[in-house]
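First the structure, then my questions, so here it is.
Labels run A, B, C and D following the written order; every chain starts at residue 1.
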């Protein structure tokens, strides 16, 4: 059996560990042949494919990034008015046929799941692994990369506490999360944020100001505000800047902002993410070995299982008011807006 | 309502975050009064109790150790032939009555759960939170402290790789785990161990030697061996020393050992453990508020719930051959003995 | 002997370790009394002063921020047209006299050294310790806080490598340094930056573009650019944004920017900074004990010594083309502009 | 010009950064050819040599270990009664001649400096770079690897504080340093050790006990003891075990020991060590380019320079009572024995 593997979408700690998990299981347990498809779906268009053997896997467990490269190529997009010779789905099928790939493993986020579902619909054997620091892929409790991103963000928030307290300031930190506030919620709670703003929960700037002023009255003349990048703002401002300006206006407190940015998605994975990535990669190979295609690997509770790709594609997993960490945060006096 | 809180048994990252979770919820949400009982159950014997308010909780989320102190005091042990005036259970009840504590929250490992169950059997309202880096408390999927210990051990194993490879050596590292091999399993898998030995899985030193020699044949003249401290040895030797000597004898490879020791249980918790500890602490207060006593807080899948203390006490949660990470490890060619 | 100690200007890892170094030496070796002046020079204006004893020092060695608080109060600024009763220097002298302080230890950066020199000129016994993550205080080879800031920035740059390489992008990271490029130079070199831009060295955007294109030709279709916040830009743009836009325009490469911001100055100090801070704090007390006032503690080579405050005040220590790390960087093909 | 480069002796963070510094300067600045000699001096015996180009250097700056491998081969030892055909110095000269190496760069500790000096005495052009986590190479203020080892040890000591304080125990930690106590001194001071024992300073167990008991009297019923592995013990016991037993006997305090071991020398270098290694590597190439052979690169104050190998070989740099950090430690009440 010959399997191809590709990584698509944004960088995320644990991709290489997943590749290792897929390949080691495939090669040493099932005697499959494995091929690396480079730069995401673009490698299927360009026939840019390399063989992977056990030696290619050395050091991958702890290494950030992806040895296969990635891209944001979406081969099923804008197909109207394209000459047949440039029809991307056809080009991909040609490569898969030429390379005699029995299956393609796609490691990626929501966009990748959508593309993979479409590829599967053309008759290709596809298995996917969810990959996102944002944790917003529907159908899995947690994605690898999320724990790493939360750890980095939490460490950054830890560092801001000393400045906030030494200068009696409000420190606003913006973390990743366009539509889903998972990183803000988890790092905000782990970092001791006093105010945590998510795209999913509407906020009222007066209530935020009141929270800061009430802290002052209790002898804490400083506050930490954790905001997801995707919260609504006015005037096209970035989240952190907008909230910092509003807080300064409301409270008169000196307020400073930090945008954490790309360091959240770079570097090696945490131990937690390494094991999750390894298990998910191994399970992808199990699905292939047992002929279960068109499925996305998934974590449910503490068990690795899988869900039909068709159920996943196009959906987002969002934070809700009923999430235990939101409820617990509110009970502890944290302001969610 | 007045609640007392104590921490008992070994140090563990996340205890202070749990105390904070219990107290913030109790004080700011339920208006309860909270008292800290010092040095575990000894504080109940000695009436060594201090009030806790919101200011006592500043900085606790990320702080290692326990602000309440701990001890290994087991007040229900060896009660025969003790004069009534020195009967420890009676002394504890006296303190609880004098201090008018409506409930005692006990944060601790297996020994603590046992003691707490006995205390509950005397009629005291008890709620417990499992606390162990070893992850061997029955009735919960994961305990806080475990992720932190695994992270520290994984980072240590990461460091050994460079020495193993530069010197073409076998490096043996001993991690904590007397009866349960959870830390060895999780850090061994996350750290890229080639051989992982747990108390629960019998090993054969010849098979270990073969694994090392096969790696040499594949061009990898070095190996990483992760052993739990509780594996069986001969001659009263410590786990790492015994395995290192046996490997050197079997293979002729230069072999070096490291015993990780106490640094696994010290220092601040990971982001994962902070959130787990916060949620568990908060849930303990919820149990009190709703009058559900005699229960241990528990993580099941991704949900915080609770189990009857009577079901927990005296049982250990061990690694089994059916554990997904063991199965996945075997598929990838890792030797478990 | 009674000494007062204050911390002024921006937050910096190692301030608390310096306070501990001053106080432990003063209290346990010389039997002096020590008083903490809160919120920088503002504490001298407001007579906001607390006694410090050995118990106040527990845990300070590794703690970020400053237990005394800080401010940017400049009491010698804008003295014209101020009524005598509000003359700040006089107010400070009144506090010092009332509190019977024989000496004031000022821990701070360039602004603080200037203020301290003016305070010394009024006849007050002053000893200072340089404190700046920017490393731009004249008269000392290194200031504590610098190694910590460089470590944090280097770790961030490390993380960007995986994203740069996975996405074949140019990643621009902006680190602190308004006038001096020390952090950019040291973290850029330690983090493997390909292009490093400092306020002190003029740059030519074409040469930067050529460097990136030459790397592409050598098979490296990605680059890391480290810029100090203080480099000249056009249109009021921030350093990272300006450089990223210019690179994208010049080369056509997808370019992303990150502004590291406040996390560089928060959190606990590295081992290096703890020892430097401890030694500098101890030396400050030595100067007091031997009656050498009007001096700033200084590191020269590996020796702790001191320089006259009057020589320090108003000068900046800048990177020059002759600095060994610049010369070495150029030899290795790094582009400094 | 053709240069060979080898790494010899124990693993040490920063070796790969040094190799990169030597090679990048040699290749891109001077147009030299560079060859990697594998497994230390053994590679010269076995003619095990590979070409190094710029692509071989990717990722080396932050990578632990040595890509060239290392060994403890001492080719000038035990030469009596060896047949001429097996005379190791002659074998090395043959390789150097055959490979047309104009110079050999040796990166290593004290043993390596000795061997290199002997190799130089046979007429070979030799330049060396000091490499030791122990910091005991004579002729340089600091060696790369030392800051990394101190950082790791300090972080470990930080972790022990929480256990010591939670359990009211004495925690003894053994760090590396057979003859020189540099790591114990620097990590002990940075980690807030209460007692620091070095091979260079004789200790009295009663004084150690008194220190612990005095701390108890001051309300600190726990202590941290940092010991170098090379302190004298009785009965062939390891340093930590011996001291822990003696303290328990003297004071009655529950005492626990940790031996940090190999994790001190593994893994990637700190930012400080990366820059030191880069500068030292670059300077080695400068020495070659300017024909200055028989010299060891050296850090003096903040300047990189070099010293004659003949002055270095056979000497050890030890801690003395006059070292500033010892003096400062004593002033702060730390017990050095």
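By definition in this document, a residue touches a chain if its C-beta (ideal position, glycine included) is under 8 Å from a C-beta of that chain, and two chains touch if they have at least 3 such contacts.
Please read these numbers as outputs of a predicted model, since none were measured by experiment.
Distance between Cα centroids is largest for the pairing of subunit D with A. Subunit A and subunit B, compared by their mean Cα positions, are separated by 30 Å. Between the Cα centres of subunit B and subunit C there is a gap of 41 Å.
Separation between the centroids of subunit A and subunit C, computed from CA atoms only, is 35 Å. Along subunit A, residues 158 each make contact with two or more other chains.
The chain pairs satisfying the stated touch condition come to A-B, A-C, B-D, C-D. In the complex of the two chains, the subunit C residues touching subunit D come out as 21, 24-25, 28-29, 54-55, 58, 61-62, 141-142, 147, 150-151, 153-154, 158, 186-187, 189-192, 218-220, 270-272, 274-275, 278-279, 282-283, 285, 300-304, 324-325, 328, 331-333.
Within the complex formed with subunit B, the subunit D residues making contact are 7, 10-11, 13, 15, 63-66, 69-71, 152, 155-156, 158-163, 165-168, 171, 256-263, 265-268.
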